[in-house]
Amino acid sequence: MRARAPGTGWAARRSIRAGVGGTGATHAADEEDPVDDFRTIGERVRNWGRWGDDDQRGTTNLVTPERLVAAAALVRTGKVFDLGIPFDQHGPQPGGGIRSNPLHLMSATGAGQNVPGGFHYSDDYVVMPLQCATQWDGLAHVFYDDLLYNGFPASDVTPRGALHDSIEHQGKGIAGRGVLLDVAALHDVPWLAAGTVIRPDDLEAAMARQGGVDVGPGDILVFRTGWRRMFVEHRDAAEFMRDEPGLGVSCIEWLRERDVAAVCSDNFAVEVLPCENPAVFMPLHMVLIRDMGMTLGEIFDLEELAADCEADGVWEFFFCAPVLKFTHAVGSPINPLAMK
Amino acid sequence: MRARAPGTGWAARRSIRAGVGGTGATHAADEEDPVDDFRTIGERVRNWGRWGDDDQRGTTNLVTPERLVAAAALVRTGKVFDLGIPFDQHGPQPGGGIRSNPLHLMSATGAGQNVPGGFHYSDDYVVMPLQCATQWDGLAHVFYDDLLYNGFPASDVTPRGALHDSIEHQGKGIAGRGVLLDVAALHDVPWLAAGTVIRPDDLEAAMARQGGVDVGPGDILVFRTGWRRMFVEHRDAAEFMRDEPGLGVSCIEWLRERDVAAVCSDNFAVEVLPCENPAVFMPLHMVLIRDMGMTLGEIFDLEELAADCEADGVWEFFFCAPVLKFTHAVGSPINPLAMK
Amino acid sequence: MRARAPGTGWAARRSIRAGVGGTGATHAADEEDPVDDFRTIGERVRNWGRWGDDDQRGTTNLVTPERLVAAAALVRTGKVFDLGIPFDQHGPQPGGGIRSNPLHLMSATGAGQNVPGGFHYSDDYVVMPLQCATQWDGLAHVFYDDLLYNGFPASDVTPRGALHDSIEHQGKGIAGRGVLLDVAALHDVPWLAAGTVIRPDDLEAAMARQGGVDVGPGDILVFRTGWRRMFVEHRDAAEFMRDEPGLGVSCIEWLRERDVAAVCSDNFAVEVLPCENPAVFMPLHMVLIRDMGMTLGEIFDLEELAADCEADGVWEFFFCAPVLKFTHAVGSPINPLAMK
Amino acid sequence: MRARAPGTGWAARRSIRAGVGGTGATHAADEEDPVDDFRTIGERVRNWGRWGDDDQRGTTNLVTPERLVAAAALVRTGKVFDLGIPFDQHGPQPGGGIRSNPLHLMSATGAGQNVPGGFHYSDDYVVMPLQCATQWDGLAHVFYDDLLYNGFPASDVTPRGALHDSIEHQGKGIAGRGVLLDVAALHDVPWLAAGTVIRPDDLEAAMARQGGVDVGPGDILVFRTGWRRMFVEHRDAAEFMRDEPGLGVSCIEWLRERDVAAVCSDNFAVEVLPCENPAVFMPLHMVLIRDMGMTLGEIFDLEELAADCEADGVWEFFFCAPVLKFTHAVGSPINPLAMK
């Protein structure tokens, strides 16, 4: 059933990966070709088999029980920040394509009800793409060369949903230590321009500026580009969804070396658009999701959290964004909470 | 705009409430008439104005920053339990009425895509009542005598949604100290029969059986009836949604005295059905939501958590169930996490 | 149950109506005040009780069996014109409000199916407002002063739908003799400008230009403004739905005198926008639907039909646009056929 | 793009078809094997290329202008029968699978509106499978061996819809001469039992019983099994959708010889279930839709029409059931009108 050859578990893959080059070779490659070939990078960072041949969770496995306990200890003052945007017709989807903004309809308002004792109730429905607002990408959301994360066949994804790597496998998460890196503040702009490529140097400069906050194994990295603020000020959905500032290809291995559990942003796709190499659309989605097994968090609202972190100098927090367990789904709407 | 008379803030209300009877009178009333008149109880427990005339959050205000910090400290081993049920067509809604089970449709599967570089993606939609599966009831979900929680007029609820008391006001929650009381285990049955009335005595006996675990101010009380287990074993949605074991009217003041922040269960309505007084439908919904301003959590799956608590004797945990911020909505689907 | 006083059937109403003024008085009133007071006009043209106190069909009653037989005889050459627009995401709804364009999702494509014998199938879903594209307005769609057509109370319309005057009562229609009046061609423009008021003189001039084609009892009047053509050329949904050319208030009594069964157009609301009297929004909707009981047909595509009529000089045809029988609904999507 | 070899137009196919057997050979084959191999039958009756290599309408091409004119002349008394069922939550879909009953939600009821002049309006939404109630199957709805009707590749059907053979190509129909054959009345039962195979002999016996009414080229054949009546009496959706009486494989060539334009019924799949040959699921769907290019009409309500035909002895009528033009869709909900 699985497209993976026998004997190619985690250990075998590590040696393959080492053979391809290792860190030094990687840097050399980067110098020659900043966007490298995404398939080559994908091989180097691939986590298939690392948590078992049946794993469907990927890098969220890095949030070990110990790390979760440590993360919870970051709740020190009881401040709560909600990173989800409002879910309504005024969201960032411009329409005309596959994704629309959430449609909310009332199925009961209390009108016309005549219940013993005076009881009245209201009920409501939503119709929405799971990818239209603040969300987790599931591990079956993006793929290439006919394989999903951990080697499951792409033919597993049919109109009935994804038979493997679907979002409900993240049901016991996603929570852990969150770290905010404010790249817009680093560059002293309200938001980065569309097309701005964020590189490891930017992330490390942000860490330095923010008192040396660290990003390590099992952390949820949240980076701010200001792109949500741009939308709130302009209210132009087409502008928001067209291009954006975001991570460049060179960040892939940086995330892999640090064993980050998930990466989230206030833009809509985490990675930069237009893509660095016009011949390759969304290389970070392809490699992070399909090869590394990393869940991406998109369209976050980081304004209030960033202001608070700037004020108190504390850039780490307990992060909790449970997925709704839609069976065989490839994403989940969320309202992530950051607690300090 | 507001239906409330001037000068009837929290202090004024306390005295009105005290004048109505106070605790002693309440108990006397209970002895005479175990279901009392819900309007009288509603007056006694009413929290209108308690957190300001503009408050739209109700008892979740009781989760103070200090209590949240203390709650997070309950994450001691890193175990995570997800209390949401699967969201799919096999849920507990029998159909034929207003509420259906979640409908999941794929808007992209990778088929027919020809994107530069080999990128393939899948996307999906959901159509669902916000009340069909594991959920929070919002404070505009139930009302009587033309007023919502905190005195807002019922006419605020229209087909456009609820102008006040809507679910997005709970956006910075709901998280805090959770306590599980296993009433089914107390009575040594896999599940309580439909129509079983749970009274304060049952809750206190459960606390005693569970090593004296306490339920106090700002806590999220989660009680188990086994009703979800019944559904999983029988797979009969009509049976699940017809009647159920649940809280009786006498629990209202018990919850108020202890200043519980929210109450959740594995049944579909928290309270017992058929209702104790056939002339009054869903008195707990009316009083808890509309008078006390208490958000209810319904259709939880408590099987794994209960087994673990029974095994380790620890019945308290960090509870986190963020609401999705549907604008003007009266409920939210959730996947509550319990972390120990 | 009904808000109507006893003894106010059709005969009684005729005399009331005559007492209000009759045709002569009406014209005088029109000369003084072209927009008159819509309530006064409504009284004059009101059809309540005309087809019985229980009638929920209104003016489509005017398509008698004899008239239907005569209409079918207009199919002389076998040419068929479909007047519905495409139902898809590229329709005229600009988004951001209540109405969206039709959302079409595949629930099966053949992928992942393994059925004995080789059978593969595809299935699909639609999510759509019944008013988003080519449509019939039902008689509960518009009302004022707490009453619907034929005196049913407006409280009949709840989130469960309309208890009276709902669209399924038109289930045996709507078919009959259609007549196209091309007002854009009359004025020799590709389309009339937004805000252009069409008056009885225009309609009669169009009839004269079109060889004296008549519009009489039981006919379905279809008038062309060119507004659909404007949309097809500009593809600007906001422009299409903002203002439009359409019928002025003075056409109401013209339609009533001729006992037209229904009126349809290629604009989105039949009547002119902005409204002639800024203090009264959509007077034709209020009077035609609620007082006369006339079903309106909107967002038709008349381009091909108009070209053919211009070419062969035949402006009448058999018209057939069956309503989908959505129970308690207030409208229906349609694809009207005109057959010559 | 097309999977068809050059030079295999309609003429070429006729000879291939003749070579396979012709009428005589067909009957012989039928005697040996009543269900024959559906692929062999499919080759014999195939209409690919008959109306051009680009045709996407199939047998509705048989309703020529002349035939449409003749059909309209059948409107002799002005009686109208609506053959659509009510579209609501009480329809025949049992739930739990892909297809649900229509979900109707009000987006406006008049509540909470404050418009100049007193205008109030109501609006509504529907969420529905295009195949859940009275419907046309589009020509991309069923296929086998990787090809759709007229040789288009099955890969044309993706989550974006069907690129070929989709329902909007039937936009100028479907109207013509309808003939009702009442097979339940022929056998003097309220409804035929599930699994009852209807054969050409039954259809011809029904024609004889009904005064020799003919079924010929371009006709829309409507046959009654009583299965809708069974549902109305039992209200058991699971029973309705499980098995049914319907056409057997031997009817395929009968329909082809007579050049019927479309076939419709009061059951849910036109053909008998369980299928005659357990190894082949839905052979009529595969051959009629994919090979012959015949659109099927399903879940009709024929009770009132059948009673009228029995009473007046007139079994032919003008039939009009316009498709809603959902772009790239594979079916359409309808409310077919029969006019006599």
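Labels for the chains are A, B, C and D, by order of writing; each one numbers its residues from 1.
Note that a contact is a pair of C-beta atoms (placed from the backbone, for glycine too) under 8 Å apart; a residue touches a chain by one contact, two chains touch by 3 or more.
Since the model is a prediction, treat every value here as computed from it, not as a measurement.
Shared contact partners of chain A and chain C comprise B, D. Interface of chain B with chain C: the two copies contact each other largely through the same residue positions, with over half of all numbers used appearing on both sides. In terms of their C-alpha centroids, the spacing between chain C and chain D amounts to 30 Å.
If you average the CA atoms of chain B and of chain D, the two centres end up 49 Å from each other.
In chain B, the residues that reach two or more other chains under the touch definition are 103, 105-109, 111, 125, 127, 158-160.
Judged by the touch criterion defined above, the protein chains are all mutually in contact, each touching every other.
Contact residues on chain C toward chain B in their complex (touch as defined above): 103, 105-107, 109, 111, 125, 127, 159. Here chain B touches chain A in the complex through residues 38, 64-69, 71-73, 75-82, 84-88, 98-99, 102, 104-110, 115-131, 140-145, 154, 157-162, 168, 171-173, 175, 277-283, 285-286, 318, 320-331, 333-337, 339, going by the rule given at the top.
Residues of chain C touching chain A in their complex: 89-90, 95-97, 100-101, 103, 106-109, 111-112, 127, 155, 158-160.
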